[in-house]
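Two complexes follow with chain A in common, the first pairing it with chain B and the second with chain C.
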Partner chain A sequence: MSFGELKGICVSYDNKNMILENLDLEIHKGELLSLLGPSGCGKTTTLRVIEGLMGTVGGTFILDGKDMTHVPVHDRGFGVVFQSYALFPHLSVRDNIAFGLKMRKEKNKELINEKVEKMAALTEITPYLDRFPKQLSGGQRQRVALARALVIEPKLLLLDEPLSNLDAQLRIQMRTTIKRIQQELGITTIFVTHDQEECFSVSDRVAIMDKGKIVQCDTPEAIYHKPANEMIARFVGFKNFYSADVYKDLGGTNGGSTLCCSRPSDFTINAANGIDGTIEVRTYLGSSYQYEVNTKHGFFTVVATEEKVYNIGDEIKLSISEDKTVIIGE
Partner chain B sequence: MYKHRGLKAIAILTLLFIFVPLILIMITAFNEADIISLKFTGVSLKWFTKVFKSRSLTSALKMSFSLSLKATILGIFIGILASIALVKIPGKLSNALLSMFLSSSLIPGIVMGFVLFRFLVVKLAIPMNTSLMCGHLLIILPYSIRLISAGLKECDVSIEEAARTLGCKPFKAFVIVVLPDLKGAILSAFMMGFINSFNNIPVSMYLKGPGMNTLPYAMMNYIEYNYDPTASALSVMLMLVTVAFMVIIDLLTGKKSDGRK
Partner chain C sequence: MKKTTYFLFLIVPMILVVGALLLPLVGSLLPTFLQPSEYVRFFQDEYNRTIFYRSIRLSLITTVLCILLGLPTSYWLSLLSEKKRRLLNSLILFPLLTNAVVRGFAWITILSKNGIINQALKAIHLPTIQLLYTDAAIVIGSVYLFLPVMVNTLSPVMENIGSETIEAAHTLGAKPVVVFLKVVLPLSFSGLLIAGVMVFAGSISAYTTPTLLGGNKKMMLASLLYQQTNALSNWDAASRIAFIMLICSLGVQKLFSIISKKVDRREAQNV
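The block that comes next holds the complex of A and B.
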C-alpha cells in the first residue's frame, strides 16, 4: 500500500468538458514527485485537488490510510508554496513564517520562536526575519514561502512552479536548495513544473501529463531512456522518428508497424552497412557537430564528436545499434 | 522637465484660484466685525463660540455627522461584499453590475432626491430618517464599490488561499489576510464617501424630515438670514477636521504599514 493515492479523479467546471479525467497517481513516502507537462495539461489542477482548493466531480484521494477527498483545505495541513509566493504583505518575515503555527492555536511563544528560527536557518533567511516581504528579492521571498510552508511540519509539501519567477542562475541554485531541504527533512514533495530539465534534475519520479491525463509515470532515468510515446520522446530530446522498415535499413532487426526513434548522438557514421546520405547543414555545438543528413528516407539529425569532421556535401553511411533505438508501440 | 514660464504661471494661478477663497474665509472668521467683511477691525474668536451657541447649527452638525458616519460605514460594508462578488465571479454580468452600481453617481443629485422622495416617502411611506439614509447610501456606494473593488483586484488571490492552507477557515482568512491588504482602499473609500455625503445638499433637501437639517442645508439657511461670520468660523473648523482626517489616513496607509522605505 502506497503512502498516498489519487484514484479516478475527475475535475470539470461544467460537467461536459473534463479538465482531469480518471486520473490515477501514486505517491510514495519521502519522494520528490514531479508533475510535468505543457501549460493547460492539468498539472496545476491536479495539485489544487491535492491541496483541497479545487473540488472534484469524482474519485478519491487517500493519504496515509485516511480518505482526504472531502477534508477542507484548512484541515489538511499540507505545506503549499504558490507560484507568486503569496507572502502576507502586512506581516514581517517572522510573522509570515509563524502564521501557520498561530493558526494551529500554538500559544507557547518560545516554541513558536524556536521553530521559526530553526526553519529560517534551514532556508538561510535568518538575517531577514524582521523585514517585510516588499523589501526582499525574488529568491529571498521564495525561501520565506518555503519556510512558511515547512514550519507546520506538513505531511506533504506542494510546490506550484516555484522557480518560474526567478532568473536562470537563481533557478538552478534554488532547485538545489529545494532538493537539499527535501532530503534533509525526508518530506514527501510534489513539484509542478513545465521545465523538463529542472524536473528531471531534482525528481525521484516524474509524472508526465497531457490533456488531463498522466501519460507516463516513472523515474527520470526510465523516462529518459524509454519514453512511452512520441510526445514524451520529443520532450526528452529524441529528434529522429522513423518506421520499422527504415530501422531495418539502419541495421536493426525489429519489424512490424512500430515507430522507432533515436537521439541525434546515437548514430554511427560510416559503418559497414546503413543508409546512404548527404550532409546538407553543419552546426557547431562546442565539442561536437550537428549534421542534417539527407537520405532517401528523409532528413536525419545526427550529432558526432570533433574527432572526424565532415563537410557539407560529404557522402556518408548512417547506421544505429539496436540498444540505442527506442521502439514506441504506435 | 517642464520649465516653461507659461506653465508655471498657469499652475500658480490655479493654486491661487483654489486657495485664495479659503484664505479669505479664514480671515473673515477671525475678524471681529459683525458682517462678513475683509475690513479687518480686530482678532476675535467670538464667531467660533457663536457656532456652538446656535442650536440650529449644532443640531445640524450632530445630525450630519451621525448620518454620514452611519451611511458611510454601511456603504463600506456593502461595498466590501459587492466587491468580493464582482471580483470573484468575473464576466459580462459582473461588468454590467459594476456599471449599474456606479451609475447613481451620474444622476444629478436633484433628480435622485426627487425620485427617492416620490418613491420611498410618498409611495412606500418609508420613514424620513430611513429614506434619508438610503439617499446617502446611494451617494456613497459608487465610491465605496469603485475603490474597494479596484483594491481587491490588485490583491493577490493566492494570499487568501495560502492562509487557508496554513489552517485558516475561509472567512477568517479574508478578515486577517485580505482585509489588511485592502486597508488603503477602504480608508480612501471612507473618506470619499463621508465627504460626499457630508457635503450633499440636493438629496438631503428632499428627504430631510420637517425640523431636521443637515449641516450644509442649515448653513445655507443661516447665511440667508444672518450676515455675521459664524458660517465662516464653521467653515474653518470643517477645513481643519478635513485636514486632520487626511493626515490620519495618510499615517494609517503610509509608508510604515507596508514596509516600504
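The block that comes next holds the complex of A and C.
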C-alpha cells in the first residue's frame, strides 16, 4: 500500500458545482510530488484538502495507514509553506520558527533552540534569527517559512506556489534549495505550481490537473515524452497538432483516427518526402530560428538550427520521423 | 507634486485646526490655569470627588466590557465572507445612527420599574430589581453606545492580519483559542489601543446617556459640567471639569500605549 492516498475526494461550495470531482491521488514515501495545472484547475484546493483547511463533501484521505479525512488542521502536523509566506510579523525569526514546537507543548528551551538553530543552518538563515519578518527580503522570508514548516518534523511538507513571489533568478536558486533540503531530509513533499519548467525540474512525479480532475500522473520524463491528451501536450511544449492523414503526408505510417502532435524542433526540413510549405514568419531564438510555415494543412511551427537559415517566402518541404511524433489517445 | 504645492493644500486645514480647535480650547482653559488653587479645591469637595471617581470607574468598566465583547466579535466578523461581513457591519452601526435621546428612552423602557425586565420578573413571581438610575444602567447604555465604535475600529485591523497568517498558525498545531491569543491578539493590539482610547474618551465625556440612565443620583463629570454652565453659569468651573476630563483621556491613552509597546514589539524593533 502506498504511503498516502486521496480517494474519491469531492469538494463543492454549493453541492452543485464540483470544484474537485472524485479525485484520486497516490503519495509515495519520500517523493516530491507536484500538482501542476492552469489557474482554477483545483490544485490549490487539493492541497487545502490535504492541509485540512478545506472541507470535503466526499472521499477519504489516508496517510501512513491512518484516516486523516476528519482530523482538524492543528492535529495533522503537516508543514505548510504559504504563497504569501504568512510569517508572524510580531515575532522574531527565531520565535517564528519555534512557534510550531511551542504549540507541541515542548517545554525544554535548550531543545527548542537547538532544533531552531539546526533548521536555520539548513535553510541558511542563521544570521537573521533575531530580525523581524519586515526586515527580511522575499527570498529570506521564504527560507524562514520553510524552516518554520520543517522544524516540527512533519510527515508531509506542503508548498503552495512557494516561488511565485520571487524574481526569476531567485526562483531557480530557491527551487534548487527546496530540492536539496527535501532530499537531505527525505521528506515527502507536495508542491503546487502552474509553472511547467519549475515543476518538471524538481519533481519525482507530476500530477497534472484540469477542471478539478487529475488528467495524468507520472514521472516528468514520461509526461514529457508521452502526454495523455492535447491539453497536457500543449503544456509540455508540443505546438503542432494534426490528424492521422496529415501524419501520413509528413512521412508517418500508422495513426488511425487519432490526433498526432510534435514539437517545433522535431521536424526535418527538405527531406525527400513531406508537405510543401512557405515560410511566413521567422523569429530568432538565440541558437535557433523559429518559422511559421504555411501548408495546405494549415500552419506548422518549426524550429531549426542556425546551420541553414531560411528566409521569409522560401518554399520548403516538411517531414517528420515516426519516433518524434506522439499519437494521443492511442 | 512639489513640496510647496503640498504646503498650499495644507494651509486651509491648518487654519481650521488652529482657529476651530486650538483657539477655543486654549481660550476656555487658560483662565482656569490662573487660579490653580481652584483645582485643589475641586478635589477637596467630597461630592466632586465621588463624581470624578464614578466617571473614571464607569468609563473604565465600559472600555473593558467593550474590549471583551468587541474583540471576539470583530475577529468572528473578519472570518466571514465579504458579503455577510458588510451586512453585519452596517447592522452594528445602527445604534450610532439613532438619536441619543431616543436611544436613552429606549433603555429606560427596558430598565425602569415597570420596564420589560421587571415585568418579566413579576410574571414569574420574582421580586423586581432597581435597574434604572444605577451605575449598571449607565454602563449598559454606554456599552451599547460605544460597542459599534470598538467593532468598527477593530474590524479593518482584524482583516489586515490576513487569513493565511491565521491558517499558518493552525497548521503549526495551534488550536483556535491559541491562535486568537498568540496571533490575533498581539497583531490587533495597536488597533485595540486606539479603539480603547476612543471608547474611554467617548464614555467619560458622554452626556445624554449617563444623564438619562443615571439620573441626578448617579452623576458623571459631563452632567456636572452641564450643571455648572446651565444652572450656575459658572464658566470657569465648567472649564476646569473639561480640563480634568481631558487629562483623564490623555492619561488612559498614555497607559494604553505603554502596555501596547510591551506587548507588540513589532514597531519598536523596526528601526
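A few points about this structure:
Here is the rule we go by: the second predicted complex is superposed on the first by the 328 of 330 C-alpha atoms of A that agree within 3 Å, B and C clash if a C-alpha of one lies under 4 Å from a C-alpha of the other, contacts with A are read in each partner's own complex, and residues count from 1 in each chain.
The definition used in the following text is that a residue touches a chain if its C-beta (ideal position, glycine included) is under 8 Å from a C-beta of that chain, and two chains touch if they have at least 3 such contacts.
Note that the coordinates shown come from a computational prediction; the quantities given were computed from them, not determined experimentally.
When both complexes are superposed on chain A, chain B and chain C end up clashing with one another. Judged by the touch definition given at the top, the superposed model places A:308 against neither chain B nor chain C. Of the two partner chains placed around the shared chain by superposition, chain B and chain C are both touched by A:88. Looking at the shared chain after the overlay, A:134 reaches both chain B and chain C. Applying the stated contact rule after C-alpha superposition, one finds that A:16 touches neither chain B nor chain C. Of the two partner chains, both chain B and chain C are touched by A:100. Once the two complexes are overlaid on chain A, the chain A residues touched by chain B in the first and by chain C in the second are 51-53, 73-80, 82-84, 86-90, 92, 99-100, 103-104, 132, 134-135, 148-149, 152. By the touch criterion stated above, chain C contacts chain A in their complex at residues 162, 164-165, 167-176, 178, 182-183, 186-187, 264-266, 269-270.
Residues 156, 158-159, 161-170, 173, 177, 180-181, 183, 257-261 of chain B touch chain A in their complex. The part of chain A that touches chain B in the complex is made up of residues 51-53, 72-80, 82-84, 86-90, 92, 99-100, 103-104, 131-135, 148-149, 152. The touching residues of chain A, counted against chain C in their complex, run 51-53, 73-80, 82-84, 86-90, 92, 99-100, 103-104, 132, 134-135, 148-149, 152.
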